[in-house]
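Chain lettering (A, B and C) follows the sequence in which the chains are written, and residue indices restart at 1 in each chain.
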């Protein structure tokens, strides 16, 4: 079964059309990347799948079932998102504990204490972080919290919007390792949006290159490693990223 | 090499906090000729503070001390704020990360570049305009006439950064400090902008201090590299020899970066305890 | 003592309670570093204590007349003198603090939450909800405060309760504006998106996540406005539309003293001083709170 299926997806913000006829099929358990430069519409596709960009036509299916335009309470348990900015994506005045308990409270989950502790452990955060406020955490630790929050509802699909681009290289390595391990352990499907091709090479199996709201090319990661793209624009991106 | 352009000895920058003064730059020294020097480090390494302290842009309560800080024979530490203003821009320029915050939103691009010239050279209006247009051309802007009449919000990020560079280079300074000049830009634009900087530096025989978190980028565009970690220089090497870097921190950083042809199952993580870093 | 402090400042609190107490402690400690804030806080504290224990503090009754002691100047017997009916002004000022505190508290309790909620709803939903709510807010804002309060009191009839309602009605729009502006700054931020993605209802996002972020600026603003509220209340009292005689409301007392202002200055001056001191107290405290709680100062606490 496919985890995410997009068919002829046109997304708009008001009068502006952002994407044109996006069609994609991402299998369950796969790790797929959308790459492109700013303005290519890659993040918008992610937001539409999440339900944050409700103005679209076409079809979005999650785990075989079509999704509506807004956010509904049943869908959010299948599909969660990790945002780019670890500083802006966590409520500044709530403890980590409150941030992680909130999704459980919304959905009426029981034994929250245990679940929070368990999740902190899973994302490699010590217990003593539990009652800290976000400003007492570093960027990498915050991003771990954001990943933990996304996984609290035990989703099967994780949407990742440039999850490491705001982090230092050494911290990026830790977060990438974490994501890879979590995916293996929980059999998650990843849809990663990034401009960083080496990250794709490490974390993903297939990628789609986007430009000006259209998909230029869908390739597998072996093609990426060799730079064996069919389209000139993809090769351009490859060279700009230091590929030869 | 001729006499050094910039000499720094035991530079220290400190800020007061609730727990007393904390040094963010802990005694670094280097000399710079008319060459391209890269300063690499992660956030909090003190690399930006180093760049800013050369221009004495550290505001109170921050404090800068050094045993020696001379630029082309001039003792920077002894300069008054007024004398510094004459040096900034005219002799040492700085390009910062985000053009959006560095350009005046209510002034056309052409006027802003001309403004940079007004302070530092006596030229007629016509001459100034010609200089502005040729500078815009030098940063590879196709239609300089049109672009010079645009306002900053009407240009893209890459073009904004090129305009910033034009503005910084038009007074023909001897030293350019570029602090993460391209990290707000797309990769393809990134190399364009850096190529332009590189080209101008070489033809004009200027010195460059390129501050960045990106080891690869710095090694591509510099002759010499300083690697900084928590306020100290931990490694100094020629850019071409970066791959043979000896310090565990540098080696760790290099290894932690994923590669385009990545085959490792897991990325090695810095063992911060191994060299006593934070 | 030292161990209690360490417990409060612990880097890794082990419970919700400890985390929140630690934050409260840090804020109070920062407040106490500013001497003006401490003065303001002491004034407000004295006001509260005076109001609570007025019957024990005041040497005489607030309303008991003694016509043989009319218009005595301040002295050992009557610290602030007596008024035209022989009532002890010091006792009346003491009892008057109860009225002032009641007005201030009730206005804060009515106007601030109302404004906060309207502003947050308006900012969060945007669109026609925003236009409608802000239209109403603007109508109220465009009318001069005291005149509007006068109109309400005229319609509802004079009296302390109606004065409170009138003042509350004139103060909420400013709070709604602030709350809306603040909500707009983070309604599109990623942590709100993340909450929406978790399936949180709009009511939950507003009440549990947006309102707490607006409260610190609201506390600052309300504290700074207190002086204005006290003055408006006094103004209404002065015009005879607020508290009715023989209630010892400070504004009404000044109004009565006006007749003797040239010969018996203390009758109007003493309650005037009380108004000034309390207003100043709120201003000092508000300024201090702003320095500590203002979100623009960064999320240090």
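One rule holds for everything that comes next: a contact is a pair of C-beta atoms (placed from the backbone, for glycine too) under 8 Å apart; a residue touches a chain by one contact, two chains touch by 3 or more.
Because the structure is predicted, anything quoted here is derived from the model rather than measured.
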item	value
Chain labels contacting chain A and also chain C	none
Most widely separated chain from chain A, with each centre as the mean of CA atoms	C
CA centroid of chain A to CA centroid of chain C, Å	47
Between chain C and chain B, distance of the C-alpha-averaged centres to the nearest whole Å	51
Geometric centre distance via CA averages, chain B-chain A, whole Å	33
Residue ranges of chain C in contact with chain A within the complex	11-16, 18-19, 23, 189-191, 193-200, 204, 208-209, 212-213, 299-300
Chain A to chain B touching residues, read off their complex	37-38, 139, 168-174, 176-177, 180, 195, 197-199, 201-202, 224-227, 236-238, 240-243
In the complex, chain B residues that touch chain A	42-43, 157, 186-191, 213, 215-216, 220, 252-253, 256-262, 264-270
Chain A to chain C touching residues, read off their complex	50-52, 71-73, 76-77, 80-81, 83-85, 88-95, 97-98, 102-103, 106-107, 126, 128-129, 131-136, 146, 149-150, 153
